[in-house]
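Next up: some structures, all given as structure tokens.
One chain, subunit A, links the two complexes that follow: it is found with subunit B in the first and with subunit C in the second.
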Partner chain A sequence: MVIIANLIQVLLIAISISIVFSKDNTRVVVFLASFSLLSACLYFLNKAPDVALAEVAIGSAIMPLFYILSISKQREFIVMSHVDDDYLKNEKNQKGKGYLLLENFTDYYKLKLYIFNDAEKAELKGIFRKSNVDLIIEKDESTNTYFLIGKQSSILMNKLAQLVENDDKTIVVKVKESETRD
Partner chain B sequence: MNPILSFIIILIGIYGICTSKHIIKSIVCFNLIQTGTILLFLNLGYSEEGHIPIIGEQIEKIVDPIPQALMITTIVIGSTITALALILSIKIFHYYGSLYWKVVFDREG
Partner chain C sequence: MIKKISLLIILFIMLILFIQMQFDLKGYLNYFSHEYFLSHTYKDTASSNIVTGIYLDYRLFDSIFEASILLIVVSGIVYMTTKEGEENERVFIFEKVKISNLLTILSRVLYPFMLMFGVYIIIHGHLSPGGGFQGGAILATAVLITYYIDPDKITKFSLIIFLEKLLFISILIISSLSLLTKNVLFTNFIPNQTSNTYRSIFLILLNLLIGIKVSLGLVSIFSSFLKEGRS
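On to the complex of A and B.
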């Protein structure tokens, strides 16, 4: 029994070294799940079956789920569009002006652009707190001007304001999270 | 079973926290330290001839149940701390656009 326990502990040390020196985050999460499973075996050999039960449920099932969920949320730049015309059009040969701008911006920061159209035009008050949106695009019909609305606390907005400096028809608005411009 | 081997896991975790370049990997290394600590504590109450601490005929010779009860609490609290740290990392990502420590410190200026 003692030999098996020592073998498992050496295996745990090997897995933890490979976690420290690995570069890929998704692979690290899979390593962590197997690490938890092996340590649960070790708890059982230490005559603590109750701790092993908790570790199997929490350590090797729920925690990797948390990690995968948060890693999948960390690659996107979410844009909510209130515009109906072809400012944000994305087809093979013709891309809209705004789409080119946002593509340029997200390539700079190596993010994935995700645009969705909000047909219901939900109320803007407090939307940054309620949902996970990074940028809102609106259009003023009378003067034909586009507003890009983003959070004041986000440093990314400074770069976006720099990109549209020369464009009169596009204005970047920074708002605090608690209040939204109207 | 050997306390020195479980102490090595704690040391590897501390090394990982100090040298990792990505925030997610720092949180994973925190979990490594937690597992090493649990192994160390379970080793305190362990004895070769003791039985699993369940009431029965063998109640005279059991391993110490106090460290085991404490370590269940450690596992549950560790999972909540991990969830909190991951939420904070999502917030950091939406502010700075990156999760590498160096890039975050550079952009903060």
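On to the complex of A and C.
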């Protein structure tokens, strides 16, 4: 019995060191779950089954669920488009200019791209607060320029501005939160 | 790199401190309470599980504050994540991301067994390891599995929070009923002369209430995390 307990303790130290040095978030979550499972085994070996039950239920089932949920929220880049031409077209042979740009951008940060078409301009007011949109795309018909509107507080916008530096037809606009632009 | 190395150094110092603490504690070690609880718990509280006997009879006052902490945390999280103003009914496409069939069917099979195990842990809290908090956490995982079956299952937050408040108040009332029968607050309200089988009704009742309250709290935390920013 003592050998098993010592083995588990050594494993716990190894897992905690690998948590510190790991770079992938989901992998860290799996490590955390296994950490609490092993510590629950240790509690059980030291005759504390009540604490072990609580540790298994909370530490290795509910907390990883919370972590995975919040990580998956960070992985999304949500774009709302108010444009109804070929700019954001995504088909097998031909991709629009804007779609290529956004794809390039999200591949750089390993994000998942979601585009919603909302050509009727349903409600722009307070849209950042209400539905977590990261970027809004609009078009000025007279000058044929596209506006990419995003939050000022987001660091990702700087990279996007860098990408479109040489393009005259695309302009990145940074807006403060809860501020509207018409 | 510097951050990680400093973190490792902190962990190493903690390890040394823990080992040092083991030697320091040996001077203070005694077994008075150990022997007292082993010999008196079953007679005093009618609970075979000493841990349950302590947290539902000797230290019931502490358990009430533990329950209230969870209630305060849940109401704080729900207050911060719900938005003021009118509800926006727009549903985005990514809410309906496909979940694999295998996961759905497996969770359908597992769901009743998990519920049964949680209720068993709660009701047998005074006989075997477990109790209200542990069983409530298992019940909460069982309910969270239903999100794989149907994401729009739980919608009424206000009802959940209201139920939780109601359960907390009923825990308070039941634990202070002993003022009428025994003239002492926060202990078993059934007189000591009755048999142990009847006295354990109090333990089962409180365990059940605490378990339901904990599971409702964890479910409401999870669903407010899920709904945050996409209503």
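As a working rule, the second predicted complex is superposed on the first by the 131 of 182 C-alpha atoms of A that agree within 3 Å, B and C clash if a C-alpha of one lies under 4 Å from a C-alpha of the other, contacts with A are read in each partner's own complex, and residues count from 1 in each chain.
Following the convention adopted for this analysis, a residue touches a chain if its C-beta (ideal position, glycine included) is under 8 Å from a C-beta of that chain, and two chains touch if they have at least 3 such contacts.
All values reported here derive from a predicted model rather than from experimental measurement.
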- Task: Report clash or fit for the pair subunit B and subunit C bound to subunit A in the combined superposed model.
- Result: clash
- Could you look at A:F116 and tell me whether it touches subunit B, subunit C, both or neither (first, second, both, neither)? second
- Is A:A61 contacted by the first partner subunit B, the second partner subunit C, both or neither? second
- Query: Touching A:V20 in the superposition: subunit B (first), subunit C (second), both, neither?
  - Reply: both
- Message: After the superposition on A, what does A:A5 contact: first (subunit B), second (subunit C), both or neither?
- Response: first
- Item | subunit B or subunit C, by number of subunit A residues touched | B
- Task: Check whether A:P49 is in contact with subunit B, with subunit C, with both or with neither, and answer first, second, both or neither.
- Result: both
- Where subunit A meets both subunit C and subunit B, residue numbers: 16-17, 20, 49-50, 54, 58, 62, 66, 70, 73, 132
- subunit C-facing residues of subunit A, complex: 16-17, 20-21, 49-50, 52-54, 57-58, 61-62, 65-66, 69-70, 73, 76, 78, 114, 116, 129-132
- Query: Given the complex with subunit B, which residues does subunit A contribute to the contact?
  - Reply: 2, 5-6, 9-10, 12-13, 16-17, 19-20, 25, 28-29, 32, 35-36, 39, 42-43, 45-51, 54-55, 58-59, 62-63, 66-67, 70-71, 73-74, 77, 109-111, 132, 134, 151, 153-156
- Residues of subunit B touching subunit A in the complex: 1-2, 5-6, 8-9, 12-13, 15-16, 19-20, 22, 24-25, 28-29, 31-32, 35, 38-39, 42-43, 46, 50-53, 63, 68, 71-72, 75-76, 79, 82-83, 86-87, 89-90, 93-99, 107-108
- Message: List the residues on subunit C that touch subunit A in their complex, please.
- Response: 4, 7-8, 11, 49, 51, 83, 88, 90, 92-94, 121, 129-131, 133-134, 137-138, 140-141, 144, 218, 221-222, 225-226, 228-231
